[in-house]
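Two complexes follow with subunit A in common, the first pairing it with subunit B and the second with subunit C.
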Partner chain A sequence: MNIRQQLTQFLSLAYVFTSAFVIWKSLGIITNSHSPIVVVLSGSMEPAFQRGDILFLWNRDQEAKVGDIVVYEIQGRNIPIVHRVLREHHNSDKQLLLTKGDNNAVDDLGLYAKKQKYLNQKTDLVGSVKAYLPKLGYVTILITENVYFKYGMLGLMCISTLLTNE
Partner chain B sequence: MFNLVTRGQAVANQALTSSVFIIVTIVAITLARLYQDNVWSIDTTSIGAISPSASIKYSFNYGSTNRQPKENAKIQFDLDADLTSLFNWNTKQVFVYVTAEYPGKSDGSSNRVTFWDKIIVSKEDAKLHLVNQRSKYSVWDVEKSFRGREAVVRLEWNIQPHIGPLIFGETEATATFNFAEIEKKKKKKEQKVEKVEPVVEEIKEEVKEEVKEEPIPEPVQQAQQAQEVEEEPVQEPLDEVPIQ
Partner chain C sequence: MSSNKKVNLNSVADLRQNTDDNLPAALEGLGYEESFKLVDTKIALGLSTVAIAGGLFAIDKKYDFKESYWITVAALAVYFVISLVMLVVNNQNKNVKYIGYSSKGKKITIAAWTTKYDPIYHVKVTFNDDPKSTTTAELPFAKFFDLTGYFSRNAFSKLLSSHIEKIEKKDI
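Now for the complex of A and B:
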């Protein structure tokens, strides 16, 4: 009896995690982006985007336009960067982009890899920003950067599972 | 059987549903408002008096590779725009930018570059009246030079909301100009200045008191000689631009 109850509890927990995973991955497929929702970590797009804001990305556009806000990754560095497209040059099969943060004084040449002068629209972009939610992403920043918050959350979860067992 | 978890779940569910509902409502009202204000065809704007200029740069930060000369373009322009209708209660900021679009070398190729932009955070600042405004950016092309191509200038905007979708548009004002071509003389001068700079300084120091403002003709002649070799227009096609 007791084992059966615990098993169902374990199952429902697994269900929560798998469904979250499935939703995340299918969002990734729909938007064609490996991380369709990102949290802003830096102030280079202030005052529009501040630390902790949530951005929704879309990566199925054939071309980026000047003025679009895109998230890109530089090879060899894992931190995605959110900046605005300053220039674009394209022919029928390739598009090159130069980006700049609204709050930065100069363009992103210094942020790119050594000798790199443009982003490639097909390979370097994670997506372009379509929608915006303020502040809610601060939870993830707290979890990743604040040890007390992380263990506090863990502790709360443990206590609540203990309470439900009774 | 109301334990902590079920209560928590109920509250979370309720919060999620109602916040989704609220957000959808806000977005719908915002969009309706923008359509009502007809922001996608703002016709109270004008761009004009565009005067382009060009220079040769040798720095990586100005698009040069391996110290090869790279043509950089700037413009001056007049701009009048009333963007107050872009501001409503869900507008956090408006980003306006002046772009120039010009053709590339092959069929189906095109370029669009930003010359000037501005962050506007309040409705009071949304009326732009610029005269002889200098471009904010020194622009270079993927090719070595702009080759005097014709460009179409537009004033475009982006509304960044407090919550919801980013909204893009452009005003109906357009203008055209041809990129300035660097005449040979000008080119020589530029080259020249880089080479003989130390000499110029020396001379200046020597004759500081007597003739302060005298131009130095000598180096120009030298430059003309040195320049002869350097004259082939290299236009690298887009495909060959290295991308790591």
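Now for the complex of A and C:
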């Protein structure tokens, strides 16, 4: 067999994955966020955001304002939460935030870690929401929550790569 | 490597692919030896970008975002520089399918392409990287694929050699 041809074929397949991953990492560096695009998983921000909306984040703001919608993660739990800033306190080097979901009856104190009273704007935020696409992210919810859909998609992808020559 | 595969005669892309695959064998018959320098460079560049992306993935799994921020920036910078080099190399050698040397050390570069709907194999031949020696030919696929879709190496070699010899004569 021709090793060069095989390597070239392997590369064109590998590019599909590597380029997607590199674009994702670049976006992360540009926005200074480990997860620059997130999908809304809960209805706690209705009617502003519904389950399945895609949010684009930016994490290079110096301060968050009251009324901004931010995404944060509680240490030890890797689920990003999208809520609105209800209260903020800041001095020259630090800003503390209290958040609340528009559709929740109470603020987020109960969601924070034990003894945590505020979010630190510098360390706890994943980013603040700058743009969104409605509903398109529902595909990822289907993939993570529905096993049949997941394997169905994988199967379809395999078949399509087998059937296309170039 | 010549592949004796039956080709779908209705697909220009398949016809071109198959002809590309047969170019080295045809030129070997004409006394040229293939040079793999360009292909090897491309593969090496490609593999290094894939390696960087793989390394980034490992770092991403092992360390969190803030710990790995600067190494990620560095890796991405290297990745984009290599990608840019690849882009330039590919652009300068657009459609190049074969580079070889004759026994006398004369370099031949063959670029080939097709348009979307015409079953014609466009060939551009350059000798010794001299743009003045460049000539193009249009070889209809019908002349070197038989009715059932098999590639005929003899017919193709004859077409190609008559074209190359024409230039060589003009050259002298």
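Going forward, the second predicted complex is superposed on the first by the 155 of 166 C-alpha atoms of A that agree within 3 Å, B and C clash if a C-alpha of one lies under 4 Å from a C-alpha of the other, contacts with A are read in each partner's own complex, and residues count from 1 in each chain.
Note that contacts are C-beta pairs under 8 Å (C-beta built on N, C-alpha and C of every residue); 3 or more make two chains touch, one makes a residue touch a chain.
What you are looking at is a predicted structure, and each value in this text was computed from that prediction instead of being measured.
Once chain A of one complex is fitted onto chain A of the other, the partner contacts of A:118 are limited to subunit B, with no touch recorded for subunit C. Applying the stated contact rule after C-alpha superposition, one finds that A:7 touches subunit C and leaves subunit B untouched. In the overlay built on the shared chain, the residue A:130 is in contact with subunit B alone; subunit C does not reach it. Judged by the number of subunit A residues each one touches, B leads among subunit B and subunit C. After overlaying the two complexes on the shared chain, residue contacts for A:87 are found with subunit B alone; subunit C is out of touch.
Once chain A of one complex is fitted onto chain A of the other, the partner contacts of A:48 are limited to subunit B, with no touch recorded for subunit C. Judged by the touch definition given at the top, the superposed model places A:29 against subunit C, while subunit B stays out of reach.
In the superposed model, A:153 makes contact with neither subunit B nor subunit C. Contact residues on subunit C toward subunit A in their complex (touch as defined above): 1, 13-14, 17, 36, 39-40, 42-43, 46-47, 49-50, 53-54, 56-57, 60, 64-65, 69, 72-73, 76, 79.
In the complex of the two chains, the subunit A residues touching subunit B come out as 47-49, 65-69, 75, 84, 86-92, 94, 96, 102, 106-107, 109-110, 113-118, 120, 129-134, 160, 163-164. Of all residues in subunit A, those touching subunit C in their complex are 2, 4-5, 7-8, 11, 14-15, 17-19, 21-22, 25-26, 28-29, 33-34, 165-166. Here subunit B touches subunit A in the complex through residues 3-5, 8, 23, 60-61, 63, 65, 92-93, 95, 97, 99, 104, 106-114, 117, 119, 121, 137, 139, 141-142, 156, 158, 160-166, 168, 238-239, 241-244, going by the rule given at the top.
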